[in-house]
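The following pair of complexes shares a single chain, subunit A, combined with subunit B in the former and subunit C in the latter.
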Partner chain A sequence: MIKKNSLSFRIISHVLAITVFLFVVIISFNYYYSRTTIKESATENAIFLANNTVAKIEQILQPMEKIPAMVAALMEVQPIDRDSLFRIVKAIVENNETIYGAAIAFEPGFFPEKGRYFAPYAYRDGDQVETMSLGGQHYEYFFMDWYQIPKMLNRPYWTEPYFDEGGGNQLMATFSVPFYQIINGERTFAGIATVDLDLDWLTDIVSEVKIFESGYAFMLSGNGMAVTHPDRTMIMNKSVYSNAEEWNAPILREIGRDLREGISRFREYQLPGRANSWIYYRNLDSNLWAIAVVFPDKEMFAELHRMGTIIISLFILGLILLTMSTAGIVNRLASPLAHFADSARTIANGHFDQKLPEIKTKDEMKELHDAFSHMQDELARYVVNLKETTAAKEKIESELRIAREIQMAMIPHSFPPFPDLPQIDLYAILRSAKEVGGDLYDFFMIDKRFYFAIGDVSGKGVPASLFMAVTRTLLRSIADKESSAKGIMEGLNKSLASNNESNMFVTFFLGIIDLRTGIMQYANAGHNPPVIIKPDGQVRMFDKAKAIPLGLFEDFDFPELSLQLNEGDKIFAYTDGVNEAENQQEELFGDDRMLHIIQQNRDKHPKELILHLEEAVLSFVNDHTQSDDITMMTILYNGKT
Partner chain B sequence: MRPYKTVMLSILLLLMVAMTYAQVNKLVFSPHWLPQAQFAGYYVAQDQGFYEEAGLDVEIIHPSVTVNALEHLKSGTADIISLFLVTALTARSEGLELVNIAQFSQHSAIMMVSMKSSGIETLQDFDGKKIGIWMSGFEEVPKALINEYQLEVEWVPILSSVNLFLMGGLDIMTVMYYNEYNVLYLSGIERDELNTFFLSDYGYDIPEDGLYVLPETLKEREDDLGKFVQATQKGWEYAATNKEYTIDLVVNLMRQQHVSSNKAHQAWMLDIVLEMQNIGEKPIKETQLFIADFEKAVSVLKERGIIKGACSYEMFFNPVMPDIQK
Partner chain C sequence: MNVTVITKDEHTVVALRGRLDTTQADAVEKEVVEILDQKHSHIIFDCKEMDYISSSGLRIFLIAQKRMMATGGQLKLCSLQAGIQEIFDMSGFSMIFSIFPDLESALNG
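Here is the complex of A and B:
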């Protein structure tokens, strides 16, 4: 539909390239920016969830911690009513639903009458709260973590989570507070007050945490053991450290070490063979237990990628629409151009009235239409003008052709002109630069006297040719009346000078050879001096003329000279079209070159001499336009006979 | 009435014969602790049918909080038990005439550890320090070592966890190389954060796990016991070459018994327990109790005042494997 070199194709491809570039830039920026924002918000979300979970857990732990602390304080008040202790622990359990059990455990043999063990304990058994005294051969509680560690450390202690002995899968942890009594004036360790926390409470809180599709939270004990986890087989079996070994994932060990040191972090991590994930972890406030929130990387950006897919799909759709609509618009806008091209071709073929495509808009296309229309009108007018001018020119040319014929007919051009006169042989040519020229030559016989003349009218073209015709006509008519060269010249000059409104003039050489004596009378009105060629090889120019050209001053006195011709003498007369012929380098043919050629051809017949010279001039001029008329005439005097 | 009586008597007789026949081949074994890779050889022999192949019907039971392995043996709920050598010698001096029929462990895995940060680097640094020690009957060996060096220490009895040590409540902790030493590692303590003191490096390389029966059992069922030891040895060999299977087996068993378990720890334990069975340069065969080890154990216990006297090596060690001489 769209050709590869068409305007539409180029506009569309440029528009598309720019659009795609802008889109890529905008989308890249948007993606990067969104990614950063999403990551920040996911980080915040994960941290918030973890903190929120920690806060919820602390809401359970912290009030619980107060209870054994209060019991411990109570135990320092003496004397202790031993039997009421059972009621105290029972009341504690009954009034706190998160408390699974409570104990007040005394040092071995603290009450001698009670034996080695005395530890009132209350615990839940279904809906009931039962009481008993802990301790026995198989329950040496003095060496259990919940008793021994706070005793040794002299401070409250949260145990590592543990499964209730024989209680099935009841996951618990115990908070223990040591208490003291003044014995023999010394504050002495007396026992431990505890509460047991049913960890199901925490499990419920932690398992409520959801982030993205499959993100979750889990809790770790101080030793890195999984206390809650979506994968139940992890619970109380696997720790971050054991999984670090089993999965060959040292990062898990790093996480455990961080938590042991109370460091919280948000970080990216990848377990071998699993998806890249993010984790935020922190300790609880009460103890070294920790909450971690985990979610897969790809879920964090899933929404972004979904949006990206939609945007790219929409963009591709938009690109197709843009391409189609641009193609439509450009085609509609540019279609007159094709019509204009057709119109232009038709107009070029001469159909100036070709109908132009119709343009309804007022845009550049309208301007083009108007310009075309104007061009059409101008062309039509021009062509009419041209036709008229051409017709006129043709007419002039035809007239000039006729004028030339007439002009040429005026000068003699049949050679040899006087076959019955052996004394004289001659040859002459006249090559006009234009249709008609201002050069002339003539010769004729009157009473055994041979008249010859050569002239060059100032200017060129029709005026010069008319002036030349006048000169030639006057020469003949005056020569009928006057016999001397001087008389003829002065007569000519007088006639030409009078009524010479256009101030034209003519250089003119006139020679009269008396065939009976061989004496040649001649007069020169400003013309190039002819050349005399002697049979012995002597070639020389006549002296330069001392008279002005004809037609300038009416009463000029033209001197007459004479020369005795001998047998074999040749007279070579010419106009300045010969010696002043110019080539392309604007060099003149020159007198020397002319004389040299004459010298070389001095023995030749007049016709051959002239043809040689003409050839030399033409080859010198080469293709350069002939600027002046070329006229040459050679007269051979054969003696008196 | 008469024919009826005869039939009844015959059935009764048949039942008694059947029961007797069954009793001959049935053996109950109790290791001295809850299931873990320390006893992998027994579980593998059971699972792979090595006992069955030997014509034995072996049942494995475990001690509980209230009933330990010795009590199983005393009460007859177990025919064979595993025990530490020193525990067995102590029990014998207390009047329980048990005999060793096979000694699988050949080395001591007992060691003591201190945090490097505590600055305790030599035994001499133990002076005046608190040392955690289990009340499991083998505390006498570490105590003998400390006594030999004439150090004044505070012994803190520990029931089962390393938490007191982790919480900084102890300067030194007695641990088993195959167990608690790795528990510390799997609780986030780097191995290079600990200074270690292997008792075997101080002349107390006293072997540990061995198999014990009452003299009557030995007398009556020596053949079955021989088959048991042989099949168990086969189980250990299989475990050594099929560790992944063995660890899975042990972990599954632990799960069934609700014992906290993970593969990382059991893998470590299996490796070390197998290492402990290596006889090394001792001039004995596998499952044999080296007389010098026996004498060292007796002298430690005597010195500690735990036992007054002891039976002879010959009385105590009664190999049931056909190729082992006393």
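Here is the complex of A and C:
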């Protein structure tokens, strides 16, 4: 349907190229921009989730911290009712659901009557709250973290989370607050008040965090142990530091270090063999425990990629629709062109009435149709015209050909003309240029006198040939009445000059040889002077004319000259078609060249002399168009005999 | 063929340049006849740059001469190139025209 290089192919390929280019630019920009935005919003989201989780945890932790602090404050007020202490710890546990146990542990031997260990402790046992005193040979509580560290630090302390081994594998952490008593006026460390916190609720809060498809949160203890994690096997298993070693993942060590120093950070997070992810982590406000939010990179952009896939699919669909509709439109618009081409071919074969494709629209196609139709009409008219003009031209041409034939028939051309007159031999040619011309020659005998004439009418064409015919006719009729060259010339001139509105003229040379005496009378009316060739090799031009051409002024006086001819003398007469023949370089054949060739052929018979000259002229002119008639006549006088 | 006309004192100088051959003759004739129609009393044909003349060209000069003679005006030719002078001599036209060797002598003569 769509050929390569066809109009529709080119339009469609251009439209598609531009569309695809625009689409790629827009989509690339949009993709890049969306990616940045999504990343920013994912970061914000992760930070928000982490902060929110921290806030939720703090909301529970902070009230808990107040309980041992209050107990500690109470312990600094003396005296202490030792037995009421069991009630206090019991009440604390009973009244706080999240508290698993509470203890008030004193320095060894603080109450001498109680012995080395005194630490009232309440704890949950199923639905009951039991009390007991901690301490014994197997539980030297003074050396436990929850006791020793706050004592040394002199400040409250959260222990690392741990599994309570006694009560149902509970995840717990202990908050310890040191208390003091004034002994001998000195503020002396007296013991530690604690609460044990059941940390199961932490798992609930942290596992609530969901981000993207599989994003999650987990909590780390100050030592870098997972306190909560979606993968339960990770919980309280190994610290980030040992995982860093094991998995060859230095990033875990960096995270541990950051959290120890209280630094929060959003960063790329890739564990060996796992998908590239992003992580945000921060400490709690209360202690060095930390919340981390993790989500995979590809999920962050999953929505973007899904959108991209949809957009590209839609775009491809759009391209197909665009291609089809463009092809449809272009084909519909351009289909008349093929018909026009067919019509043009048919018209070119001469069927001007070929029906053109019908155009209903008013667009450029309509203009083309109208122009075509106009061309058809014009062609038809033109061809009719052409036929007429050709016919007319052929008619004119045939008439001109006839005119030329008549013109040529007027001059004698049977040679030798007077076989029974040994005194005279002659040869002449008139080689016309393309159109009918104005050259003429003539010769005839009247009473032993030989008349010869050569002439050249100004201009060319039918006027010149008519003028020539008139001249030739007048010459014969005047020669019947006048016998002298002068008389004939003046008679000719008078006739030609009267009513010569067009100011045409003819250069004319007339010679009359009396065969009895050899005397030649002649008159020259502005014609090229003939050449006389003597048998001794002398070649010489006649003097220039003493008179103007015939036909100019009615009463002009034409002088007559005479010359004695001897046996063997030749007279060569010609028109300017010979000496003014021109070659392509616009050089003239010239008198000198003409005389030179005559000299070379001076002994030749008139016919040979003329043929040699003609050949020389033609080869000089070569390819250049012959512009003027070429006329030559040579008369050989053989003596009186 | 290029024809230009300038006026010097009472003289109208018509300068002819190029080849006055048969194909050009009709156009030149028209231009010359237009100049003649303006009835100048003194006309000089300056032929300094006229390289060629055919018999049809000669006819134009002849028309001019006849018209000037009829109106009692004066026609002069000047600065004919050698080849053209020869044509004038050969055809006897030298006898019916006043021919001057250059423009200056034509203006003064």
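Please note the rule applied: the second predicted complex is superposed on the first by the 638 of 641 C-alpha atoms of A that agree within 3 Å, B and C clash if a C-alpha of one lies under 4 Å from a C-alpha of the other, contacts with A are read in each partner's own complex, and residues count from 1 in each chain.
Here is the rule we use: contacts are C-beta pairs under 8 Å (C-beta built on N, C-alpha and C of every residue); 3 or more make two chains touch, one makes a residue touch a chain.
Please read these numbers as outputs of a predicted model, since none were measured by experiment.
In the superposition on chain A, A:Arg253 makes contact with subunit B only, while subunit C stays out of contact range. Judged by the touch definition given at the top, the superposed model places A:Glu245 against subunit B, while subunit C stays out of reach. Once the two complexes are overlaid on the shared chain, A:Lys460 sits against subunit C while remaining clear of subunit B. Shared-chain residue A:Phe143: touches subunit B; no touch with subunit C. In the overlay built on the shared chain, the residue A:Asn30 is in contact with neither subunit B nor subunit C.
Comparing subunit B with subunit C, more residues of subunit A are touched by B. Those residues of subunit B that touch subunit A in the complex are listed here as 65-66, 135, 156-159, 161, 163-164, 166-170, 185-188, 255, 258, 260-265, 267. The touching residues of subunit A, counted against subunit C in their complex, run 456-460, 503-505, 507, 524-529, 544-549, 552-553, 576, 588, 627.
Those residues of subunit A whose C-beta lies close enough to touch subunit B in the complex are 138-140, 143-145, 148-149, 152-153, 157, 159-160, 163, 165-166, 169, 222-225, 233, 236-246, 253, 256-257, 260. In the complex of the two chains, the subunit C residues touching subunit A come out as 21-22, 25, 55-56, 58-59, 62-63, 66, 83, 89-93, 95-96.
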